[in-house]
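The first chain written gets the first letter, and so on, giving A, B, C and D; residue counts start at 1 in each chain.
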Amino acid sequence: MKPGDFVEARRRLEEKPRTSGEKLTTLMDAVGRVMDGDHVAIGGCLFSRTPLALLMELLRQRKRGLTISRNLMCYEGEWFMAAGAVETIVTSWFGIGLPWGLSKIMREKVEGGVVRFEEWSHLGLGLRYRAAAMGVPFLPTLTMLGSDLMGVTQTKTMSCPFTGETLCLVPALFPDVALLHVHRADRLGNCVIDGYPHMDADIAGAATTVLVTAEKIISEEEVRRYPDRTVIPGFVVDALVEVPYGAFPHECYGLYEADFTHFDAYVAEIKSKGIRAVEEYLDRYVHGAPSHQEYLALFGEERLARQAGYARELVGRS
Amino acid sequence: MKPGDFVEARRRLEEKPRTSGEKLTTLMDAVGRVMDGDHVAIGGCLFSRTPLALLMELLRQRKRGLTISRNLMCYEGEWFMAAGAVETIVTSWFGIGLPWGLSKIMREKVEGGVVRFEEWSHLGLGLRYRAAAMGVPFLPTLTMLGSDLMGVTQTKTMSCPFTGETLCLVPALFPDVALLHVHRADRLGNCVIDGYPHMDADIAGAATTVLVTAEKIISEEEVRRYPDRTVIPGFVVDALVEVPYGAFPHECYGLYEADFTHFDAYVAEIKSKGIRAVEEYLDRYVHGAPSHQEYLALFGEERLARQAGYARELVGRS
Amino acid sequence: MSYSPSELLAVTAARQLFGVTSVFAGVGIPLLSAVLAQKTHAPGLTIVVEGGTIGPQILPGRLPISTNEMRGAYRAQMLPGITDTFLYAQRGFLDVGFVGGAQIDRYGNLNSSVVGPFKTPKVRLPGSGGANDIASLCRQIIVVTMHERRRFVPKVDFVTSPGFLNGGDSRSQSGLLFGRVSRIVTNLGILGFDEQTKVVRLEGLNPGASVKEVTENTGFDLLIPDRIPVTKPPQEAELDLLRSLDPERNFL
Amino acid sequence: MSYSPSELLAVTAARQLFGVTSVFAGVGIPLLSAVLAQKTHAPGLTIVVEGGTIGPQILPGRLPISTNEMRGAYRAQMLPGITDTFLYAQRGFLDVGFVGGAQIDRYGNLNSSVVGPFKTPKVRLPGSGGANDIASLCRQIIVVTMHERRRFVPKVDFVTSPGFLNGGDSRSQSGLLFGRVSRIVTNLGILGFDEQTKVVRLEGLNPGASVKEVTENTGFDLLIPDRIPVTKPPQEAELDLLRSLDPERNFL
């Protein structure tokens, strides 16, 4: 969709069959709604609450020509590059973290001109999702002004009609699909997130189709008992799947910490084998494990329990 | 401040002595920061979480020439009119509710040209506070377009630089002072609200000076145990006072329901005596009760307990 | 069986919500109608109240008086901020908006601001509240009002909430690209609008009401088609439910 | 007593936070410095991390690797969304922003996007993340970086995060009305900027460092005043604290 095209975005929302009813389904059915060439926005942030179960199903279904956006893109971006599934990455930062250095795969694909890297500032991208969730074509900001990011993005500058000052306008970003992983949801799609909410609520409001995995499906009764904990209303959600450890080995606040040793091994393989390491990784963890339970089995109970223990320590629930 | 003047607004914030320390003080000291002629924004909504203890202290200190803004203005607006303390009311709606009819006092003052009534749509005013809290001069919206509200407010229309569509721009509203009542806060000013948050967080971020009353002061430890419940950070708050039943006879979600019988009596008096009824009300409840404890004593323990019971029923905590 | 004009209004309004998934409803008759619909033919209906409550269930006998109180948030599914609640409508998530007003004109524009000039009003009314926003942003706007000549005026003194403005395509010309007033539901019948001119047209008569009664209670010339269907009278079950919600008849 | 260049850098950076109430800090040395300051001369310091955590207290030995993880949110006071966290900076609530970059030029501009042309980069770097936002929105920006000739270039290949842009008043001319780069803290010393031209100027030397060493490690001509104060060497207490935070020396 054209950046900022709030008219077309609302039309698509209105044309969509809507229901305030049941949203529960399977990963396969949920992800089946993604089309080749779609813009897929990914919730969470870097290695926090990444909707890995949904992303892996997206790879299993071998979608092509995707644009994927995320405020901080972790190695899931490398997966889609290695699978030849992505044409454009929209993000403010790409990598895993300082200890793991630059992304070898990303450098190869972007420097080689195979994949487009569209860079925004962190807030700039956040405001794009927010503008979309608000149903407006743009939001004004001071961020990015004067920097070279202005020249490589679809931002515009304007003279403020109230003050005459120069403003940066970031166009609303309306993804075709949003993939989110949350802590809890009821079968109607009312979602609860513990800890930092990242940009998930804005991404959900911005997208035409919203696919959610939840660590746990809770009763409608529990949602109604604590309505001030709901951050995404059911009428925004199209499909919902219960997937415990749905972000593992990334973290889910309060439930399990990211498994850094897994990141070490993943990066070490790439250092020695390059992109073939990623292909082998996908063969083993994605295509070799058709269900999320089979995927988790590759890590083993013990590892999951250990990471859950770390999480409890860090949120003082131990 | 000129509508939308985000530059001046940020300057005032930067010039203000700031601290990340102790915010606890007395009602008298807190409200002493309000100057004659200030724009005072009121938190809560209609008869929910109205910062009555702060508002009554404002009347005791006999401030003059005020502009007061609130998304839905309840009878506190009548108080400031009767006291001759307010020149302009900025709101989307003024009254108590259907059963009590039109505000006789407001009609008298506004129809008589004594007080200016600046009307916005509910969302329009909400976006003005939000723009200010975001530190931008305006926000774009579709609301109010085509209506006569456009002609009586400082909105502007623009042609969208991305889509060419007509947009309404509402200018940021930067109050001099914000008055808020919340459920809990620690001594550093980190605030927690249960139930509907109304517009309090935006109003806090929009104002130069933020005065808060809390039903209960909680430990810093409790704030740190549930950081995802904090809705206003300490660095936004200037003064904090612990005032149980600080919104009574208005409601505080989960703690006490609004006392409609009190509204009945208040309005009945006005029906028979007109504005003198409000003056007598202020003499008794505001000037006649120098402290909030003395004020609450006029209602009596029993009534407070009854309203608290109703609240527990309604939030299913009984 | 007998029923009051407001009961008739509430039942007729409730029936407009068949197949609707979400309704943005003000307190009073609109909310009563929404709850009635939810308990009868629209079980999946999500009620949204502007004070920032999504999916509440009303406790019989404890009807909210305002849009933002615990009665209106009873067993709600979400309590977003007020601004965010309206933004869901601006984004296009909310199907139907129920609104009313002190005056309504031949193009469905509503006035709840002033009688007389805005700066020197004869009567200063409470104001828009969320009425303007609901009428501007929801997909479909349904006006729910008692049918009185003083309300149905040729031209409202002040357009608080936009209907079709000056008729024709003037609404979309103003920038309101979405939403339209589909119906005006009154105690006398159901009104719609001419597709081209957007002038009010009588489209249904409530049992017992006559065209004459409608025209006498309408302060402007409305379009009267040759055949006008008569609406089904309120059923006992509907009235029983309605009365159980408001036993003290605060709104009925 | 002995210390590593990065320890020296962390201690020097921490001392910049005297009297500061809030600091927007990235992970690594900047966060370590902020925690050190908090535990010594700036007890009231509120640390803000861009992943959306306000007021965290770092658990020694459990330093966060990213800006958004439980280690970085340990005992935090608030966890707003990421966008809202940056908006607090845009509104003017956040005093100091700690930033770094792969390249920095004579006007304090930072590059963390590309080496070479943007569309056909020689090296595609991770990108801005929140660096651009912190450098654009905080009241005062302090650059924390190792002092290496390859980093200190005459002109950055790409301005990811604005310093003084082309010098003079070009920063405010661009619309960045607030915030300024006040200092560049390195392992060799402290750099400031000429009031008029906004060109980098040497303002302090760390113990053991010489003007020669600074100029040799700076890829452009920086201003060298006649008298250059020497900073106080890291104290044992500071180093002990620092090392207790990062016992495995992941960042030190």
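In this text, a residue touches a chain if its C-beta (ideal position, glycine included) is under 8 Å from a C-beta of that chain, and two chains touch if they have at least 3 such contacts.
Because the structure is a prediction, the values reported are computed rather than measured.
Contact with subunit A and subunit C alike is made by B.
When the interfaces A-D and B-D are ranked by how many C-beta pairs touch across them, A-D comes first.
We define each chain's centre as the mean of its Cα atoms; on that basis subunit C and subunit D are separated by 57 Å. Each chain gets one centre point, the mean of its Cα atoms, and the points for subunit A and subunit D are 29 Å apart.
A separation of 40 Å divides the Cα centre of subunit B from that of subunit D.
Centre-to-centre separation between subunit A and subunit B, using Cα means, comes to 37 Å. Those residues of subunit C in touch with two or more other chains are numbered 53, 73, 75, 79-80, 87, 90, 137, 177-178.
Chain contacts: subunit B has residues 7, 135-136, 141-142, 165, 167, 195-197, 227-228, 316 touching two or more partner chains. The complete set of chain-chain contacts reads A-B, A-C, A-D, B-C, B-D.
Those residues of subunit C whose C-beta lies close enough to touch subunit B in the complex are 27-28, 50-53, 59, 62, 65-71, 73-75, 79-83, 86-87, 90, 113, 118, 120-133, 136-137, 158-162, 165, 170-171, 174-178, 250-251. Contacts from subunit D toward subunit B in the complex involve residues 21-22, 44-46, 53-55, 57, 73, 75-80, 87-88, 90-93, 95, 137, 139, 177-178. Listed in rising order, the residues of subunit B touching subunit C in the complex are 45-48, 71-72, 91-95, 97-99, 102-103, 106-107, 110-111, 113, 117, 119-124, 126-127, 129-130, 141-149, 152, 157, 165-168, 195-199, 201-202, 251, 253-254, 257-258, 260, 311, 314-316.
Those residues of subunit B lying in contact with subunit A across their complex are 2-7, 135-142, 156, 158, 160-163, 165, 167, 169, 171, 194-197, 225, 227-228, 316. Subunit A contributes residues 7, 9-10, 13-14, 18-21, 132-136, 186, 188, 190, 205, 220, 223-224, 227-228, 230, 233-236 to its touches with subunit C in the complex.
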